[in-house]
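Chain nomenclature is as follows: A, B, C and D, assigned in order of appearance, with residue numbering initiated at 1 for each chain independently.
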Amino acid sequence: MVVKDVTEIKEKLARATRIMLNEGLFDLYGHPSTRVPGTDHLCVLGHLHGESRTLRTTSPEDIITVDMDGTLVEGNHEPPGEIYLHTEIYKARSDVNSVLHTHPPVTIALGIAGIPVKAVCLAGVDFGQGVPIFESACQIDTPEIGQKLAQILGNQMAVMLKGHGAVTVGVSIEQACSISLNLEKTAKLMLMVGQFGQVQPMSAEDLARYSNRGRHDSKESRKVFWVYYGERLPQ
Amino acid sequence: MVVKDVTEIKEKLARATRIMLNEGLFDLYGHPSTRVPGTDHLCVLGHLHGESRTLRTTSPEDIITVDMDGTLVEGNHEPPGEIYLHTEIYKARSDVNSVLHTHPPVTIALGIAGIPVKAVCLAGVDFGQGVPIFESACQIDTPEIGQKLAQILGNQMAVMLKGHGAVTVGVSIEQACSISLNLEKTAKLMLMVGQFGQVQPMSAEDLARYSNRGRHDSKESRKVFWVYYGERLPQ
Amino acid sequence: MVVKDVTEIKEKLARATRIMLNEGLFDLYGHPSTRVPGTDHLCVLGHLHGESRTLRTTSPEDIITVDMDGTLVEGNHEPPGEIYLHTEIYKARSDVNSVLHTHPPVTIALGIAGIPVKAVCLAGVDFGQGVPIFESACQIDTPEIGQKLAQILGNQMAVMLKGHGAVTVGVSIEQACSISLNLEKTAKLMLMVGQFGQVQPMSAEDLARYSNRGRHDSKESRKVFWVYYGERLPQ
Amino acid sequence: MVVKDVTEIKEKLARATRIMLNEGLFDLYGHPSTRVPGTDHLCVLGHLHGESRTLRTTSPEDIITVDMDGTLVEGNHEPPGEIYLHTEIYKARSDVNSVLHTHPPVTIALGIAGIPVKAVCLAGVDFGQGVPIFESACQIDTPEIGQKLAQILGNQMAVMLKGHGAVTVGVSIEQACSISLNLEKTAKLMLMVGQFGQVQPMSAEDLARYSNRGRHDSKESRKVFWVYYGERLPQ
């Protein structure tokens, strides 16, 4: 573990928090996390609310480090009550370096209606035949519930929490954020289309083009995404 | 009655008024009230409109004190025409310390459609099997209509006024505000889901978890809520 | 005709223009007018567009005076192409002192669907069993079309122009504006309710209460309305 | 080719980019182009993303010149990956001087539902019996796909790209922008009306009036449109 890495991780998680709040995917709550490379720890947004603080002023000092049991290793706040959605997904998915828990209103509405977000548009290419739905509105506040969630996520990049929110994952926090924003964007399209009847996902042929699409989903594009949503933050 | 208490009550009611206006639950009209501890009086937003003033600049000086008949005890304005929705609920509900009358657009739409807001999501856990609907769009401007409203409210925390608005109650003005905001938030979800068919509330099991949910609905959480919506006020 | 009256009329029409633009009822176009007391003339917003100006900076100097044939009497601009919707309504309705032509998006949507805005809520009490619909999307740019429009308006306070916009009238410009804002507000409610089936207007009993409702629709309330929407203008 | 012309073209394309972004028709991506008079070249927004820049700060220096094969002739950036939607439309349509590729959310929703935008309102008079729909969500990143798109566009002014976006054309960039904005505005109306059943376009009689409508669609009106949307840009 290199100190410089952890500093950068904390800065990115604080920025991710402010971006998600600004885009309406966090409200009073929500939390992102990232593995700490070379360790069995993760950095996650701490529980600020004991100090009556909202997420608006989240700074790197608000990011804490916990182990894979969710126990505090270092930091100024307690872990979030739902720390187990992070730890249990990391245990189940070695390909995942970042987990993000959001409260996206339209995705929640589709979840209540039992309609999985699907690859109906370019923003939805990561969602294929449909995002899995976790059927309970309970908090993910025990390791057992976290394991059940990880099982339902399977090898997908997102899971909808019925009546509650969503969780997305990524190789980086930038990707987890990008998938969260695309999930809600695609859900909004599906909500509009819903009144006209059932929506089919893109053709397999179109989807295949995008699984091999070069510049449109490159590292370059993830960097631009990060700048774009950063520019929308209040100054 | 302690003077310090009344000063704090008036500050909170003025702030509640500006928050409700800013969140779109008040428009030209709307009024919150709170019992004055140790007395048979209540503090309520006065009728500012004789001076052509809107609610945007509401200050503690605009909060008046009335008795349980709705008669002015102290203050710079007349009572609101609908004072009886406050007085009659206080008479019927000894557990209630605060009453809030709002004009939430989506809740009004569901009321017109005859659809009670239900516990379909986390924001809706206080609404169980459905919020009662007061079936007339009339003003609550006589003690008799106020009594009828209190009867329909029963032991619930909210009542929808068909074609008109809503009333929520709480042990504190913070709770009454929180319930009003959650009522409209849940109504918005139900409106989105409505096109896909009838919506079922959460399972009894999930609801039971939340009736005993610890930190998520603690005093701490109500304090954060108050800070969060305060931060959204125009500076 | 008193000069002071005309100055006040022009100030009010310019302010009405900026309010309607700010509330989304005017876009590039839209125009209010008022009779000039003691004359057979009317003041109306001139056609600014020859100078590539939008309505954002409308000032009293942009209000012109025309006669009942729509011919310019005094002012810096040509009359609007649709001047005949003003002149023909004034000829047909001696009780009307002000006419307002808007482009309200949701009212337009209901007009296309053939659904009249009705008294389904407090904001809609002026619309009774339904606002008449003018069935063509044509411009009201001849006296003959203006007469047809006046005939369809009849003795109502509003008329929907299918695929085009709306016209409201009043004893004053404040009332014509208030009715335009309430028309769109009520249309928004009806749009939300529409997915759940046909909407019935308020009961005759409730409507009767409001036709005799005292403070809630008094001159005082019109004055507050004017202040409220004025406060929302960009500074 | 006159230098002064190219300078003006680049300024207009940069301004068009910022307007489309501000109105929500561009997001991270989108690009306008214009023929360079007296040459076989076109000016088009370059691919800024290699420098992690968004469209918010687009300036005339970001506009590049390419030939009709999409090869860079002059400028600071590479051509966009979808340059072929521009080149192939120009080859097929000698009446077109400007092409605009947007990502309008409601138009995309209607495209997914298979519903062409039609002339249901004044804003839609350019869309007649229905805008053609390109049935694949693929990128227009080869000459062959560009030719197919041009074929589906035919002699219309707009084409919807299913699950992806839209392309509009014009005799000028102002017209292409105006048609893009009207396409989305009309789509929004159709989305609202959709819950009430199928929507018919205007009568042939009304449409005929507008094909010969004088001031309402004059050069003057295009100039005002440009000023109107320019005024809405952040300062």
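What we mean here is this: a contact is a pair of C-beta atoms (placed from the backbone, for glycine too) under 8 Å apart; a residue touches a chain by one contact, two chains touch by 3 or more.
Please read all numbers here as calculations on a predicted model, not as lab measurements.
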item: Shared chain contacts [chain B and chain C, defined touch]; value: none
item: Chain whose Cα centroid lies at the greatest distance from that of chain D; value: B
item: Same or different residue numbers at the chain A/chain D copy interface, by half rule; value: different
item: Cα-centroid distance, chain A relative to chain D, in whole angstrom; value: 34
item: Mean-CA-position distance for chain D and chain B (Å); value: 47
item: Shared interface positions of chain D, touching two or more other chains; value: 195
item: Overall pattern in which the protein chains touch one another (line/ring/star/complete/other); value: ring
item: All pairs of touching chains, each written as two labels joined by a dash; value: A-B, A-D, B-C, C-D
item: Chain C residues within the chain D interface of the complex; value: 27-28, 49-50, 52-54, 56, 81, 105-106, 108-109, 112-115, 136-139, 163-164, 191, 194-195
item: Interface residues, chain C side, partner chain B - complex; value: 120-122, 188-189, 192-193, 195-197, 199, 202-203, 205-206, 209, 213-216, 220-221, 223-225, 227-228, 231
